[in-house]
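Following this line, the structures themselves.
Here chain A shows up in two complexes: once beside chain B, once beside chain C.
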Partner chain A sequence: MKIKETDVAIIGAGSAGLSAACQAAAAGARVLVIDENHLPGGQLFKQIHKFFGSRAHQAGTRGYVIGQQLLDRVEKSGAEVWLDTVVYGMQKDCTLGVVHEDEHWHVIAKKVIVATGAKENYMAFPGSTLPGVMGAGAAQTMINVNRVLPGERILMLGSGNVGLIVSYQLMQAGADVVALVEGAPFIGGYGVHAGKIRRAGVPIFVGHTIKEVTGKDKVEQVTIVAVDSKWQHIPGSEKTFDVDTVCLAVGLNPMTELVWMTGCEFTFIPAFGGHVPMHDRNMETTVKGLYVAGDVTGVEEASSAMEEGNLAGVAAAEALGYLGAEEAAEKKKEIWGRLETLRSGMFGEKRRTAKQSQIERMEAFEAGAACGQKGAAV
Partner chain B sequence: MRKGRVACIECVQEIPCNPCEGICRFGSITVGEQITALPVLHEDSCTGCGLCVANCPGLAIVILDKSYSETEGTVDFPFEYLPLPAEGDEVDAVSRGGEVVCRGTVLKVTRVKSYAGTAVIRLKVPLEYVDEVRSIARLPRPRQ
Partner chain C sequence: MNGMRVVQHPILDELDTSKTVTIYFDGQPITALEGEPIAAALINAGITSFRYTPKRHEKRGIFCAIGRCTDCMMIVDGIPNTRTCVTRVKDGMQVKTQDGLGSFERKEAEK
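Here is the complex of A and B:
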C-alpha cells in the first residue's frame, strides 16, 4: 500500500470537480483529482448542443468545447489528475481508499471534495430487461463519445431536457425517433428543445407511459398506453410501434455512496433526486473538511455544477489559508450571484427553493448539534 | 416583413439565457439584467443579418422576408442535421409541428466558423407560407 498526501483531493473530474480543481490549485493548494473513467470531463464531452445560460457563462458554446476549455485550465493550474482510478471507500476521517495503476493507495487530504455526479434512474415494465432498452444517457454516450448508433428506430420515454436533447442528438446521429412519451400531462423540459424535435416530426405523447416491450432476444416492439390522473393505465388506449431501441430518460439520482460512508448527515429532497448531503454556503458537509459539489448535492445541470465546484474550491482553499477571508468572500459572492441567476425563472425556481431548504436544514442541524441535540433538526 | 428581412424570435419560456442580446451588433434584442426575461426585438433597427439565428442555443430565431417578390418570401432558419441541402435544391418545407406544408427552394446555406457548427438555410417559399415554414424535412443519409 502506498500513501499519497495532498491539500485537496477531489473525487470526480466532471463539471464540478474540474471547476473545484481550478479554483483550489489557482489559489496555490496542492490538488489531486481522481476519476474512474479513462477520460476526464464527466458528462461535458457528451454534450454536443449549445448551452443556455448567460454570456458570462459561455452560453451558446457547445458543451464539449466548455469541457475542453475547463481541462486546459486544469492542466495550467498544476492540479494532478489520476484517471482510470477508483475510489472504493472513504473513512470517517476522509482518508480515501484508492486503486491507481493496479496499486492500492491511501490518499490523505486536508480537504476532500466529492463531485461524483448522478446516475440514471431505471424503470421496470414487462420487457424492460430486453437488450435494446437503455438509459438515455447511455445512448448519448454511445453516439457522442463512442460514435456508435444504438439503433435506428427509437422510442424515448421522458420529456425532461435529457429526453428532449438526447432525442434530438439521436436524430442528428442518423436514427429515427418514432415517438417521445411522457407520463405527466405536459412536457417537462424547455419548450425550445421540444420545438426542435417537433419540427423534426417526432410525435410527443403526454399522459402516456410504456406498457410493455416485446421481442425475441431483443427489442422489436413497444406498446404505450395512456394513464389517468392516478397514473393508472387506461385500457383500450394502447399504441404499438416497431422499434429496435427504447431509451429511458426518467430522471437521475445523486451518486452519494462515498459520502454516506463518512457518516455525513443527509436530508431528503425529492426535487433533487432523493437523499442529498446537507451542506452550508461553502458546500461543506456536516463532516468537517468534507465538501460536495455538483449533482451529488442534488441533480441540477452542468452550469450550476461548475459554479458549485468553483464555490467548494474557493472555500477549501480559504480554509487551508491559501486565500484571505476578504478575497474568498468576494469570489464566493460572485459565484453565488451567478448561481442565483441559474436558479431563476420558471424552471429554476424549484431548484432555488430546494437548495435554500437544503442549506437551512444544515443550519438547523448545526444549531441543534451545538445544543447537543444531534439529528433533531431534520 | 413586407419592408424586408427581420428577425422573429419564438422564445416563449423564461429560461436563463441571453446570447442573442450580446450577439446582435445593432442592439436590436434586449433581455436585460434578469437573464430569464424574454428577449424583446426592436424591429426598426433589426437588419435581418441573421447572426442571432445561428447563435440562439434554442434554435428559436428565424429571419423572415415577405418582400422577396410579389408571390414569394424567404425564411432563414438554423439546421443541424447532415446531409445539408445544396443551393438550388427543391425540398420539403415543414411547419413548427414537422408537417410538410409546401415545397421550397434553398437559396443559401451558410456555414461559417462563428456559427459553431450550426448551418443557416435560406429557403424561398410561397408568400402565404412564410409564417408557417420553420424548417425543412431531414434529408436521407447515404447508406454506408
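Here is the complex of A and C:
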C-alpha cells in the first residue's frame, strides 16, 4: 500500500469536481482530482447542445466546448489528475481507499470534495429488462462519445430536458425517433427543445405511459397507453410502435455511496432525486472537512454543478488558509449571485426552494448538535 | 465495419475510423475502433445481448453505459463481471457472453 498526502482531494472529474480543482489550485492549494473514467469531463462531453442561462454561464456555448475550456483551466492550475482510478471507500476521517495504476493507495487529504454526480433512474414495466431498453443518458453516451447508434427506431419516455434533448441528438446521429411519451399532462422541459423535435415531426404523447415492451431476444415493439388523473391505464387507448430501442428519461438520483460511508447526515428531498447530504453555504457537510458539489448534492444541471464546485473549491482553500476571509467572501458572494440566477424563473424556482431547505435543515441540525440534541431539530 | 457507427455528424467532427483492432465475441472476430469501449464495438456489430441473468436466464444488454448498473457485464479475457461499457478494447481480446455469475476461467484452467 502507498500513501499520498495532499491538501484537497476531489472525487470526480466532471463539471463540479474540475471547477473545484481550478479554484483550490489557483489559490495555491495542492489538489488531487480522482476519476474512475479514462477521460475527464464527466457528462460535459456528451452535451453537444448549446447551454442556456446568462452570458456568465456561457449560454449559447455547446457543452463539450465548455468541457474543453474547463480541462484547459485545470491543466494550467497545476492540479494533479488521476484517471482510470477508483475510490472504493472512504473512512470516517475521510481517508480514501484508492486503486491507482494497479496499486492500492491511501489518499490522506486535509479537505475532501465529493463530486460524484448522479445516475439514471430505472422504470419497471413488462419487458423493461429486454436488451434495447436503456437510459436516455446511456443512448446519449453511445451516440455522442462512443459514436455508435444503440438502435435505429427509438421511442423516448419522459419529456424533461434530458428526454427532449437526447431525442433531438438521436435524430442528429441518424436515428428515427418514432414518438416521445410523457406521463404528466404537459411537457416537462423547455418549450424550445420540445419545438425542435415537434418541427422534426416527432409526435409527443402527453398523459401516456409505456404499457409493455415485447420482443423475443430484444426490443421489437412497444405499446403505450393513456393514463387517467390517478395514473391508471385507460383500456382501449393503447398504441403500438415497431421499435428496436426504448429510452427512459425518468430522472436521475445522486451517487452518494461514498458520502454515506463517512457517517454524514442526509436529508430527503424528492425534487433533488432522493436522499442528499446536508451541507452549509460553503458546501461543507456535517463531517468537518468533507465538502460536496454538483449533482451528488441534489440533481440539477451542469451550470449549477460548476458553480457549486467553484464554491467548494474556494471554501476549502479558505479553510486551509490559502485565501483570506475577505477575498474568499467576495468570491463566494459572486458565485452565490450566479447560482441564484440559475435557480430562478419558472424552471429554477423549485430548485431554489429545495436548496434553501437543504441548507436550512443543515443549520437546524448544527444548532441542535450544539445543544447536544443530535438530529433533534431536523 | 461501420454498421451502427455515427461517422458523419452535423455538430461533431467526422469520426476517425482508421485505427482498428480485432476482438473476439464468443470466438467470432469483430473489428473495433482503437480505444473504444467493448460495448460500443459489440453494438456496432449488431450484438445487443451481453449476458444471461443467474435465476431466470434472461438476456441483458446495456442500460446505463457509464459503468454503474452492471447490466453489460461479460467475461473479458477470462475475467467475469467485467463492465463492457467502460472497459476499452485491446487487440486480440476475448469477450464472452456471461451466463449467470460467471467464473474465473484462468483459475479453472490452472486446476
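In this text, the second predicted complex is superposed on the first by the 378 of 378 C-alpha atoms of A that agree within 3 Å, B and C clash if a C-alpha of one lies under 4 Å from a C-alpha of the other, contacts with A are read in each partner's own complex, and residues count from 1 in each chain.
In the analysis below, a contact is a pair of C-beta atoms (placed from the backbone, for glycine too) under 8 Å apart; a residue touches a chain by one contact, two chains touch by 3 or more.
A quick note: this is a predicted structure, and the numbers were derived from the prediction, not measured.
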Can A:Phe52 be said to touch chain B (first), chain C (second), both, or neither?
first
After lining up the shared chain so the two structures overlap, which partner does A:Gly191 touch, if you call chain B first and chain C second: first, second, both or neither?
first
First (chain B), second (chain C), both or neither touched by A:Gly60:
first
Does the superposition put A:Leu149 against chain B (first), chain C (second), both, or neither?
second
If we overlay the two complexes on their shared chain A, which of chain B and chain C does A:Arg199 touch? Say first, second, both or neither.
first
For A:Gln172, select first, second, both or neither according to whether it touches chain B, chain C, the two together, or no partner.
both
Applying the touch criterion given at the start, work out whether A:Lys230 contacts chain B, chain C, both or neither, answering first, second, both or neither.
neither
Looking at A:Lys333, would you say it contacts chain B, chain C, both, or neither? Reply first, second, both or neither.
neither
What is the shared patch of chain A, the residues that chain B and chain C both contact?
62, 172, 174
Contact set on chain A toward chain B in their complex
49-55, 59-62, 65, 171-172, 174, 190-193, 195-196, 198-202, 341-342, 344-348
Residue numbers of chain A touching chain C in their complex, please.
36-38, 48, 62, 119-120, 122, 129-135, 137-139, 141-144, 146-150, 152, 172-174, 217-218, 255
Under the stated contact criterion, what part of chain B meets chain A in this complex?
10-19, 21-23, 34-36, 55-60, 80-82, 94-99, 116-118, 134-135, 137-138, 141
For chain C, which residues count as touching chain A in their complex?
4-7, 9-12, 15, 36-37, 39-40, 43-44, 48-50, 58-69, 85-86, 88
